[in-house]
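Consider the two complexes below, in which subunit A is the common component and subunit B and subunit C are the respective partners.
On to the complex of A and B.
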């Protein structure tokens, strides 16, 4: 991709006005680490988002509000009860890329290997976006809309990401497989579990990398809902369900191996999430 | 080419540069004589091109030059020299952690960003901060020992 001009706004309104003015030649740029992976024939004007006041992480009563320009390193270093995105950040490439890649950039254009969209599909939450007016969208809805635009947001500036703060009875599991420690994912799974009176009352299981766009396993979620919150609940899942999905095994992987890997990762994720929700160690 | 001018602090000095909007910080630094910043993979995996930008180690092959506007950038030329090595460089020499030396500027800068933030890092912190730098020669053991040596020096209250 070729950048032939740039603009360094310090206000969101300025950035948005420029986005409108430039139209198709605008390129919103946060860390800029995705540009090597994007093919575009026409030159772009980069609109640098990193000088906007969108960097911090704030704790609210039942969620965390994350500025879209918070870096993956910010997410890794942030400490608070009920905060789980540090676990995802830790497994993200390497320190240099964590230092410039932003959460907003990671979810505004989704590649098969993108880590945070998988975690956010399991955690849910809401996105605040600047279009002609400010709008709030549920994460699941935003990702659904994104599919119509080849996995990228169109004509919006993502401002904030709100993710739930995990409280007693909730658990999160995350499992990512790579060939080398900083390599792209070959399978990523995230699981959110809520336990009420010893039973699983809510569960979301999401996977990425084995699909072009992260997916939820609704049948598996259904099988676990209402079950006793213990690791043995994994036996309730019929992993033959994976046959229904058009999996995209990564280079060098057979379809059987991909299914096996996914089965192991899903089991790991559920075990971690259930252990945390029931007060055990992850 | 649509030339533009940017300015940033480089090794403590305020500098202005004419740039091509499409050029990366690595290219800008090298064409201005800062050749301690090395070309490697050019895709963000080897760390040979590491610089410190606003206190954080980053790959200058990934950063567009314009992204540095208004920032504070440190290259290896901003640290010690052969006569007066920086304490991290000194520790690498003492531990025999340099062979071909191609990765060394990047290693030193990643370590500097880490020690500036955390003077006595634990093993996990060292692992995380140094995981973006590859070394083809040393097998990492001696680089690891050098990091532990600097940390131990800080623990004893040695000069930073």
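On to the complex of A and C.
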């Protein structure tokens, strides 16, 4: 990645105007760590978003609002009841990278999608973006946008992310596999569970790394809904359902093992989420 | 035997002589010293594993902005040479040209562009047009040895400079073997026999400072090469050959080095920077990117090892057979010697009378093998030490007791020492110091071996197991390599210690200063240590084969002893005593009764300026006649996730007998580094190739080397012994501790799960599959 010009806007409108002006040669940048991975031979104009007021984390009545330029370290250190992204942040590369990488960058730049996008799919987070007008999209819609543009948001600035606040009866499980502590994920699973009167009333299971974009397993979710909230509920899942998905094994794994690993990670994620939702230890 | 307890400098953890400058970030490394006006080199690397260059057109590249010259096969000397930095004549084939008309792996040299900036050079690389005739590549052992296989070195020019087996028409780089006793008879005498194949993978050394060199012409037209090398003198000799210029015309300077681990025991960049400097008259820099280091640098040789053992119920080992195939990749440097060490550093560890050893190194169209810490022994120990556990299990004996019953001890010899040399017969040797039993006992106590339970007794998803392995290595290449040191006194009683030995960050400059300081009864801060510079320092073979402390250290001790005798002679004149009445202490010549003394400073001032003037100085050389092994016992506790196969190292204990640890803290550092290196090699590091032979994960983000965040608890125990032939009782410590990772972890995985792994690295999937297999 070669950067031949640098623009430091202080207003979102300025940033957006420059983005429109530069077109394909614009490069939105916050932490900047993704420049190490993105292959581009044509020089870019960096539009540095770090001076924009997009860094804070705010607690709302039923959700948290996170500025897109919040660093992973910010997410790790934030403490509030019902906040779960610290668990994702803690498994993110290393402290040096956590200090500078941003949530926005992790969502919009890093492929394969793992880490926060997987968690946000399970939590049904929403993204608010500046286009010609402000627009809110669910994370699931966001990745369709990225798919259409070969893995990058086009002509938009991600402003903030809303993520639900977990309350009593809700649980979150997160299971990420890496070969080394700082390695890329070989399988990441996030699970959200809501328990009502001892039964699972809502469940969302998402996985990344083994897919270009995080996937939800709707059939598995359907199988669990209404079941007793206990670890044994995993037996209700037909893991043959994984055969329907085009998995992309990482790090030289075979497809067979990749499926097996995903199965283990899904089971782990569900066990964690159910344990939390029912007041057990995660 | 000298008591180390009485030593004042040796066996003390003094501060490294370069510590302050390094920690202050001073400009000490090759890249720091590059002239501002240096030109830059970028290489066009082969995209093909095996191809002939039908034509190459560099005209467009030569005309591009900033380009000063383009080097390719059409405009450089074509002199076969070997890039391996070994003694002369090298026991490796001369199978390399600076640039060739054939490329033999993805990452082989095609053409070098020399330009004002790296970007201009890179742009011009893209403008070179090459027409390749793509040839069928060879990627594995069986294919390389198959009748009618593509011949990787079909050129007529390649040859071996000494009479060793070399059959390039069969893709064979070298062969070596030995027989002792009667292997077949030994197998027949056994109650149980075993026959198992193991495979070890490619690995990269991953020094933080990659390959980097620059060259310039001095005012007299000599080529001065500043380079990150382990072997400055070998490099000078090989560059002279490759460029067809006299050695006299070349000076090689090695500044501080940011790690080597064997990968810089090679002449890889220096010929090109030297020729580029000659052609342009300008300083020229070449630094490889990390991806280039992975693809075009040197690697650990992958090996396939067949082990056959015979054992009696009482624990006597009746026979061992080792058949190795060693993949040297596209060029054959170190192909013979790595195999030789896989035998000579491994077979002698246990008493076995009936021995068969047969090894072949083969060419393939894959990255090139080279020297790497452990040098073949590491690969062979995986197989041998895994099988020791298998045998102990079969006869129902504790693996620790089985090892203690069978390992070599002081006063014993082994035929492999003489049979397996490095291009000529090895040196027969009787083991001197050996504290291996102490290593085993202390390591076992630290890991809690007595509480180890069998695999069948474990339940649950996460299961823990304890494994062990024992090893030996060597200290120097006897009767082949030479080290030397020069020492002179200055006005203030300080000394210049000049050595050709190469401190790679290991601390060898400090260790050598400690040896000199101990002999001269002064302190290390009185030494200005300079290493290495082919114009300024005496010859040394360089940093490899675990030799600097044992070999160069003895040269330093001898030089210091000579200087000491000169100091005493002058001191005797000053004090009006007989020399035999005097000794040295605290930087003074003193009478043995303590009644009078004169300082080194006063002696220096007298000899330099006043009376009977002469320079107090000495230069001494040393060649070793044996290669005394350090010994080690490693113990590891692991936890295995039975569901995923993931292995986590909980604790690792390395008990090492390195003779006298000249600097215990540095010895512990070497051991801890090598242990983590070995764990990483066993568990996570991996070269992954596409179907065309291109490494797909050529970066630190993809290669999965462990970092300090992955470091488990490592306990190093230095178990003392005294090697009479070494300086102040020292042997080596740098290589041995990488040998334990693979076998000890494999044995621990077995102890945890009942599943055995025969192929490394022990990825989650391999371990998981072994677990599934063990359940059948």
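Here, the second predicted complex is superposed on the first by the 279 of 282 C-alpha atoms of A that agree within 3 Å, B and C clash if a C-alpha of one lies under 4 Å from a C-alpha of the other, contacts with A are read in each partner's own complex, and residues count from 1 in each chain.
Here is the rule we use: a contact is a pair of C-beta atoms (placed from the backbone, for glycine too) under 8 Å apart; a residue touches a chain by one contact, two chains touch by 3 or more.
These figures come from a predicted structure and were not determined experimentally.
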{"item": "First (subunit B), second (subunit C), both or neither touched by A:42", "value": "neither"}
{"item": "Partner chain(s) touched by A:61 [first = subunit B, second = subunit C, both, neither]", "value": "neither"}
{"item": "First (subunit B), second (subunit C), both or neither touched by A:94", "value": "both"}
{"item": "Touching partner for A:257 - first (subunit B), second (subunit C), both, neither", "value": "second"}
{"item": "First, second, both or neither for A:181, with subunit B first and subunit C second", "value": "both"}
{"item": "Which superposed partner A:8 touches (first subunit B, second subunit C, both, neither)", "value": "first"}
{"item": "Larger contact residue set on subunit A - subunit B or subunit C", "value": "B"}
{"item": "Contacts of A:32 with subunit B and subunit C, given as first, second, both or neither", "value": "first"}
{"item": "Shared subunit A contacts, counted only where both subunit B and subunit C touch the same residue", "value": "36, 94, 181-182"}
{"item": "Of subunit B, residues touching subunit A in the complex", "value": "2, 4, 21-22, 43-45, 47, 50, 56-59, 62-64, 66-67, 69-70, 110, 128-132"}
{"item": "Of subunit C, residues touching subunit A in the complex", "value": "643-644, 646, 684, 686, 688, 701-702, 704-707, 709-710, 763-765, 768-769"}
{"item": "In the complex with subunit B, residue positions of subunit A that touch it", "value": "2-6, 8, 29, 31-33, 35-36, 46, 48, 50-51, 73, 76, 90, 93-97, 99-100, 181-182"}
{"item": "Subunit A residues within the subunit C interface of the complex", "value": "36-37, 94, 177, 179-184, 251-254, 257, 260-261, 264"}
